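Here it is, the structure, as structure tokens.
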Amino acid sequence: METLKTISGYFATIGVAFTVGFLFMGFRRILTARVQNRVGPPIYQNLLDIIKLWSKESAINHGLMQHMGPAFSITASVTTLMFIPVLRDGNWFQNFSFEGDLIFLLYIMVFGQLGMALGAGQTGNPNSAIGVSRGLSQIVGYEIPFVLALTALMVYHETTSLHEIMAAQDSIGGWNIFVNPLAFVAGIIAFLGMTHYTPFDVPFAPAELASGPPSEFGGKYLGMMMTSGSIFAFAKLTLFVNLFLGGASNLLELLVKALALYLIPVIIGIVTPRFRTEQAILFFWKWPTIIGILSILWVVWMR
Amino acid sequence: MDITGIPFFLAVSFGGAFLAYLMNFAHRFLRNAVVLLTVSASAALLFWLGDETFSMEMGGFVLTLGKTPYSLFFAGIVALLAVPTVLFSFTYMAKEERPAMYYLNLLITIAAMYGILFSLDLLSLFIFWEIMTWSSFLLTIHKGGNATKAGVKYFLYSAAGAYAILFSVVILYNMSGSLLIEDVARSFVLQNPLMQLMLAGTLLFGFSVKAGLMPMHGWAPDAYAESPAPFTALFSGALSKMGIFGMGMVLYQIFLQSPFSLPVRELLAWAGGITSALATLRAIQQTDAKRLLAYSSVAQLGYIVMGLALGTPLSMMAALFITLLHGVFKAMLFFAVGAVYFRTGLTDLNELRGLIRRMPVSFLTVLMAIISLANIPPLGGFVGKWLLYESLIQSDHYFLVIVAFFSSTASFLYVYRLIFSIFLGQEEKEFEHVKEVPFLTMQLPMLALAAVTFITGIFPGIVLAPISSALTYLGFPIQHDMWSMSMLFNEWGNRMNLLAMISVIGTVFLTGFTILYFYRMRRTRYVTTKDIHTSGEVPTENENLTYAINFYQPFERAAHPVLSKSIRAWIDWIGRSVSELGDFLRHIYTGDGQTYAWYVVLFLTFMLAAGSWIL
Amino acid sequence: MIYYIASIAVMLIGLYAVLVKKNLIKIVIGLSLMDAGTHLLLVAIGFIKGGTAPIFSEPGLTADAMVDPVPQALVLTAIVIGLAVTAVALALVIRIYAQHKTLDIRKISSLKW
Amino acid sequence: MKKLLAAFLLGFIGYYLYTAFAGVPFGENKMEVGKDYLETTVPKTGAVNTVTSIVVNYRGFDTLGEVTVLFLAATGLGAILFGMKGKPEDKHREPSSILTTGAKALFPIIVLLGAYIFIHGHLTPGGGFQGGTIIATGVLILILGIKSFHANHALLSVMESLAGITFVVAGILGLAFGKNFLENILPLGTPGQVLSAGIIPIIYIAVGFKVGAELAGVLDTLMSTTRGEE
Amino acid sequence: MPELFPLSPVHYVAAPLLAAFLLPLVAKLSRSFIKILPGLTFLYVLYVSAVLYPQALQAPIIEQIAGWAPPLGINLYYGPMAGLFASLFSALGFIVWLYSLTQMKQEPLDRFYILLMMLVAGATGMVLTGDIFNLFVFMEITAISAYSLTAFLREDDKAEAGFKYILIGSLASAFVLLGIAILYSYTGTLNLADLALNMDKVPLSVRVIVFGLFLVGFGIEAEIFPLNGWAPDAYSAAPAPVSALFAGITVKAALYALARVTILLFPFAGSMALISILGLVTLVISELAALHQKNLFRMLAYSSMGQVGLAIAALGLFTAEGVYAALFAMINHAIVKGMLFLTVFAMAGGSATLDGLNGMGRKKPILSLLFTLGAFAIIGLPPFSGFWSKLSVLTAMGQTGNYAMIAIVLATTIVEAAYFLRATGRLYLSEGNPAEGKTPLSAIAALAVLAAGILWIGFFPGSIDETLTAGAQDLLDTAKYTEGVLKD
């Protein structure tokens, strides 16, 4: 019984993540459209897209890695999700979060990128390859402020466990966004890069590279990737909520906090033009990195 | 002779080398049998190695051999890589010239590595060290052509390192009257701190050359790129680790008590960090697969040095774990690249492409290896990096964390370039008839090592057990609650459950893959990589649209300020200056006999004047 | 004393020729002169005022009244050696001249550096 | 400039050499070993000529070396100039008939003089070297005086070999008789007689032959490679 | 036989002399004697070594020539060190003879072998003699043979090298003779032991002058910088077997003379330090100059000078360890450099260039292997003989606290490695197509003996330990020397 409950917990988490993920994405599409004075698609448009893709009659593939790539991607998304405590406490939505820590999350999050890159590479489409080249280069950019921010937090709380970091932020004043705003700034800028929204959307660069890495994907493959993307978006947001906003004790709180966080990249994305790859990299290596370093110094000084 | 003794062990290792050389005159199968037998026998003998030490006198010095848990761990690495290496060599070297010479030197190198590890005194260590150096030099120049230059470069760097070691050894011997490491350590602490600093500094410098630590890494790219691929695997995987072995020995058996120990280790850790970062950037630039891997090796050795220098139990565990793992996955990569070279004759990333369907096993090997190299769970590489980051954070080296993380992330770039350029992208007509390499001699070593990365990723305890006894020997208190078979713990008490990890990853991956593969399988249509849509056009047969040349141009533009400077150029400049000095000096010998007479008279005048002046 | 100075002077003149003269034959002559100077010096060392030749050719000659015989013996040997060296040197000069058609030492420097 | 520097350096060296010798009084008796030689030569070696006894007996080893040096010079000359021929176009002036006749006439006398000198080496001034040199001068006169003259190299080499062997064998005989190398094994005889002084005359005669032959050979080799030949 | 001809050190000189005088005679009987006789002579001399050297290790053998006790007569001092050198010279002579049997084809062969024997005999005489003037005579014997051998071959530049050699060599002999004259004028004696006891008669300022003269004189033969201008030319011009002997014998004899004279007559700290420094300077400059040589023999010549510099630097310490190390270095150098000269000659002929080695590994694998072995040994890589000799040099320097010297020696070793390995690398180049050719058995045998020596010393350095220790003590114990010579 207990086992059944646990397992159903897993699926519930995935379901929630998927739903929230596509809703948020739909929300962004609407928001963008409104700013551009369009009506925009319905909020559930992404779900429709995914359903359409999965139900397509036929799909083409260019070889083994086209199966492997999306599989890697979904693996990374779901594993990330499974190792993040979705809520502060309670039995549900904890999943495997006691079994791994932040360092693990850092790495498993990249796994999906690599998987997608491999899948894209197999297709032989030059646009995909260019996209991969840009995307991987950009990772090297934003991971630095991200790790700086995480390090600041881990050092401050003397733990690498997400649970303990959450537990330490027991009041609003204890939220890391207020305790260590510098780390938050560095982290959120890195988050901008992670979302691949403008100004950091050069890897996918619609209208320039077709759609970048997934150019040759269609049908079930693209469907799998989009599913994965929705789950991953939720996982990332939850991670940031846990890290900086003290986590959430129920799903609603989580939703609000996550939406608040999500608005930042979305709004910035609406109003900024696209960075070129090296501009993006250099941007990440400049201000966010300096801010991140300052945040660590701040932590060291506070201890 | 006692078959559990070190003398017998070394006799087998060295004797096998010469026997193999002789057997070459009989038949090559006989030779191969001897070669394989030798390395497997010495690998097997490692398990039965007795504890007693063995001393002999040579040239007025007492040489002592014996095993320690620390050396046994490294010997395990050597054995683990030596067997696949010789196996891989059999087919690979069949096409090359002078195989007898190759096997002779290869076995000598392996035996000398064992010798280094089982040396209890500094002189025998040095002797085996030099034997290893010259035999590996001969292996490096095996191909001729550019390899000769690379080999000489390798040797000169090594010589600089080795003689730095010898310098210290001579002085230490003079101070303590003994060569035994423990005696040396005892008298070492009695010296004044500056002397200690100088001696340990030269020793560390010497060992770090072999480890390819910047700025003394200049030999590595050339030597790795030019040596025969099976040997390169051993070269990067095991041979360069001898430098790590020596550094660990110096830092924790000799130098630990010195007041300068901490600053020096701090410095070393930073050197390691900078090495890993800069070498990673260089690796991204490379267009030759072996050079890319060479820089990657330098970078990985940087991590190891970092962990080694920090000197916390966790960091030491990390260092030794990466030492093993790097050996394994780098050997896989060199094997795979060697396999590709064996079939296509190419290592140039700009020319190779689309081999995935032709050489699937090699592809799988590379895939496993790069996942391990990029520290991505669930393979072994992740465990090493996990330990390393935890230890870096917990020993308050926050900025090293960043440096390390930067190079770790940046390594995705080059590993992707490697696998993409060789195996992915559009297929080339040129490679249509390329076949996968033979199973027994070439696939098997690769797959076996791939299995190792997988197993160590889930059950690192298999490796951590010998590591912790090695560390206990070095004086690190490794308790049993610091690791378990498949669970990692940091010093803050956080844990990483690898079994949980593999279950989640495994389940999701298998499910995802199954769904993708079988869902509407009938409706899924395979098309070639030529059949793509690019702006509505389909490329013709002869066009290859793979985007592989200048793959990371934007990134290189961003990193240009760093990449435009070259440490190697500085070292080369020193070499050139010495050479020019030599050219200048030889003009002393003008060729005119009368000038020589002038020299004589001038010298006599000088002697007379100096003599009377002194009086 | 003047004998010493004179023989040293002969020697130095020879050395001067070796250092400055360009003609191979002259250099060989210089070498010979150096030898000769040294030989003179040796003999001068052995000289004793009022001494006779160290030969007991007639009864009544005593050892006290004789010059030192050792330098004479040495000079004998040294002269022969000097002769031998000169002969070999001249032979080499002949070879050089036959091959290079010159005796200028500056032009004979194909082996250098 | 070079000359000035050379002069300066040589002056410097000369000064030091002078100071070295300034402490040696000229013309005074400062013998140490020399005295012993003078006192022992007649009773112990039987030779009245002390220089000879030193050269051949006391320091006979030097002389053996000396002979070897000369032998080497001859050998070396042969090796260095092997196969070289003078050019016919460098013709020398024909010797006049007076010269030719005179040379022929003088030669036996010169040889005789030389022989006398080396045979009486232990008695009178002179000895093997001096005698040998005189003989070689005789040959030189022949070379200069007679255009077609050629020394018989085979004969010369046999002579020098035999003479050299005599010297060494004389030395080894000392060993064979249980004494030292080059030690006298013959009766000393009466000092002042030709047949006295043990092996000294024998060695000196050998040396005389050897020096004569070698010098003649050297002269002839040098001449024949420089002089034009038809 | 032993009763008739009791073996004594003088056989070292007498036997080759007799053979040399006999050679022109027997050559007339049969041409084959020309080749056989020198071999027999060297064999005999080796036999003498085999008998006498163990005795010398017990107590030095002092032989009085012509039965005159020193200081009247000339004596031979056959102590452990002289014995070591004499044996080494004989062995090298034999090996070079063996090699020349098939490799030396240039006429006149009879003269070649005479000069060869005299070169060895002269050097041995230099080592054996106890009389300074006799030393001079033997030095001249060695030198004149060397001059002639340098110009032995007929190519254009050989006579030139010979002339340079003779020019500088004559200066050396003039200076040595001058030094002897000065010493004699003050002390009235020529015997080394006697001189050592009478040195207080010589004013200090004069002693310095004489030391300067001797240093220049012997230094020229010992190839000390800057007196070694002749050396590269002579080494590269002489036939390779002779070059091997130059490196193995003439230099060593001159060094022995320099060491013996310095330690007996000028034992001041300054002179010793000076020798050490000169050695180091020679080492550094020669090794650097070797870096750019295209001609292999020239390269080996510079390397020889460097190695001798190393030995001199160790010798200049004048401690037991220092002399031990210097002896070790000299023996090692004699064997290894000898082998290298002979190998290069067998491989690429008399005008071997660096380019000529390209691809030799395929055509002449055994010779290439030998060259590699020699290169490794000379650099000082274990487990070859060079390692132990270099190590002993380093420990000797360490014992006197001269850490800077250690650093210099090690730094030059890197330079040495650079040019030797560049040459070694060329052997295994894939390009280059040298001519095929069989190496005759006698040459291979000679090289094999030397290679075996390298390996033997490399694996059993202890086997020559006793020899070297005894030699070092023999050189340093001046009191024993003078007492031994002047005992009656």
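Order of writing sets the labels: A, B, C, D and E. Residues in every chain begin at 1.
Assume a residue touches a chain if its C-beta (ideal position, glycine included) is under 8 Å from a C-beta of that chain, and two chains touch if they have at least 3 such contacts.
What you are looking at is a predicted structure, and each value in this text was computed from that prediction instead of being measured.
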Please report the smallest number of touch steps linking chain C to chain D. 1
Applying the contact rule given earlier, which two chains have the most C-beta pairs between them? A-B
Per-chain C-alpha mean nearest global C-alpha mean belongs to chain B
Taking each chain's centre as the mean of its CA atoms, which one is farthest from the centre of chain D? A
Would you mind pulling out the distance in Å between where the CA atoms of chain A average out and where those of chain B do? 36
Based only on mean CA positions, could you tell me how far chain A sits from chain E in angstrom? 78
Centroid from C-alpha atoms only, then distance chain D to chain E, rounded to Å. What do you get? 30
In whole angstrom, the CA-centroid distance of chain B from chain D equals 73
Chain C, residues touching no fewer than two other chains: 11, 15, 18-19, 27, 41, 45, 68, 70, 74, 77, 81, 84-85, 88, 92, 95, 108-111, 113
Quick check: what residues of chain B touch more than one other chain, meaning two or more? 586, 589, 591, 593-594, 597, 601-602, 604, 608, 612
Junction residues of chain E, two or more chains touched: 133, 137, 140, 144, 147-148, 151, 159, 162-164, 167, 171, 178, 185, 188, 190, 205, 209, 232-233, 289, 292
Full enumeration of touching chain pairs: A-B, B-C, B-D, B-E, C-D, C-E, D-E
Okay, in this complex, where on chain E does chain D touch? 4-6, 8, 10, 13-14, 17-18, 20-25, 28, 63-68, 71-74, 107-108, 111-112, 114-115, 118, 122, 125, 129, 131, 133-134, 137-138, 140-141, 144-145, 147-149, 151-152, 154, 159, 162, 178, 182, 185-191, 194, 198, 203, 205-206, 209-210
Which residues, counting only chain B, touch chain C once they are in their complex? 586-587, 589-594, 597-598, 601
Chain B - residues contacting chain A, complex: 354, 356-357, 360, 367, 371, 374-377, 382, 385-386, 389-390, 393, 396, 398-399, 401-402, 405-406, 409-410, 412-413, 416, 419-420, 424-427, 490, 492, 494-497, 500-501, 504-505, 508-509, 512-513, 515-517, 519-520, 523-535, 545-548, 551-555, 557-559
Which residues of chain C touch chain D once you look at their complex with the stated criterion? 1, 3-5, 8-9, 11-12, 15-16, 19-20, 41, 44-49, 51, 53-57, 63-64, 66, 68-70, 72-74, 76-77, 79-81, 83-85, 87-88, 90-92, 94-95, 98
Mind pulling up the chain E residues that touch chain B in the complex? 163-164, 167-168, 171-172, 175, 204-205, 208-209, 211-213, 215-216, 220, 226-227, 229-230, 232-233, 270, 285, 287-293, 302, 359, 361-362, 365, 372, 376, 379, 381-383, 387-388, 391-392, 394-395, 397-399, 401, 403, 406-407, 410-411, 413-415, 417-418, 421-422, 424-426, 428-431, 460-462, 465
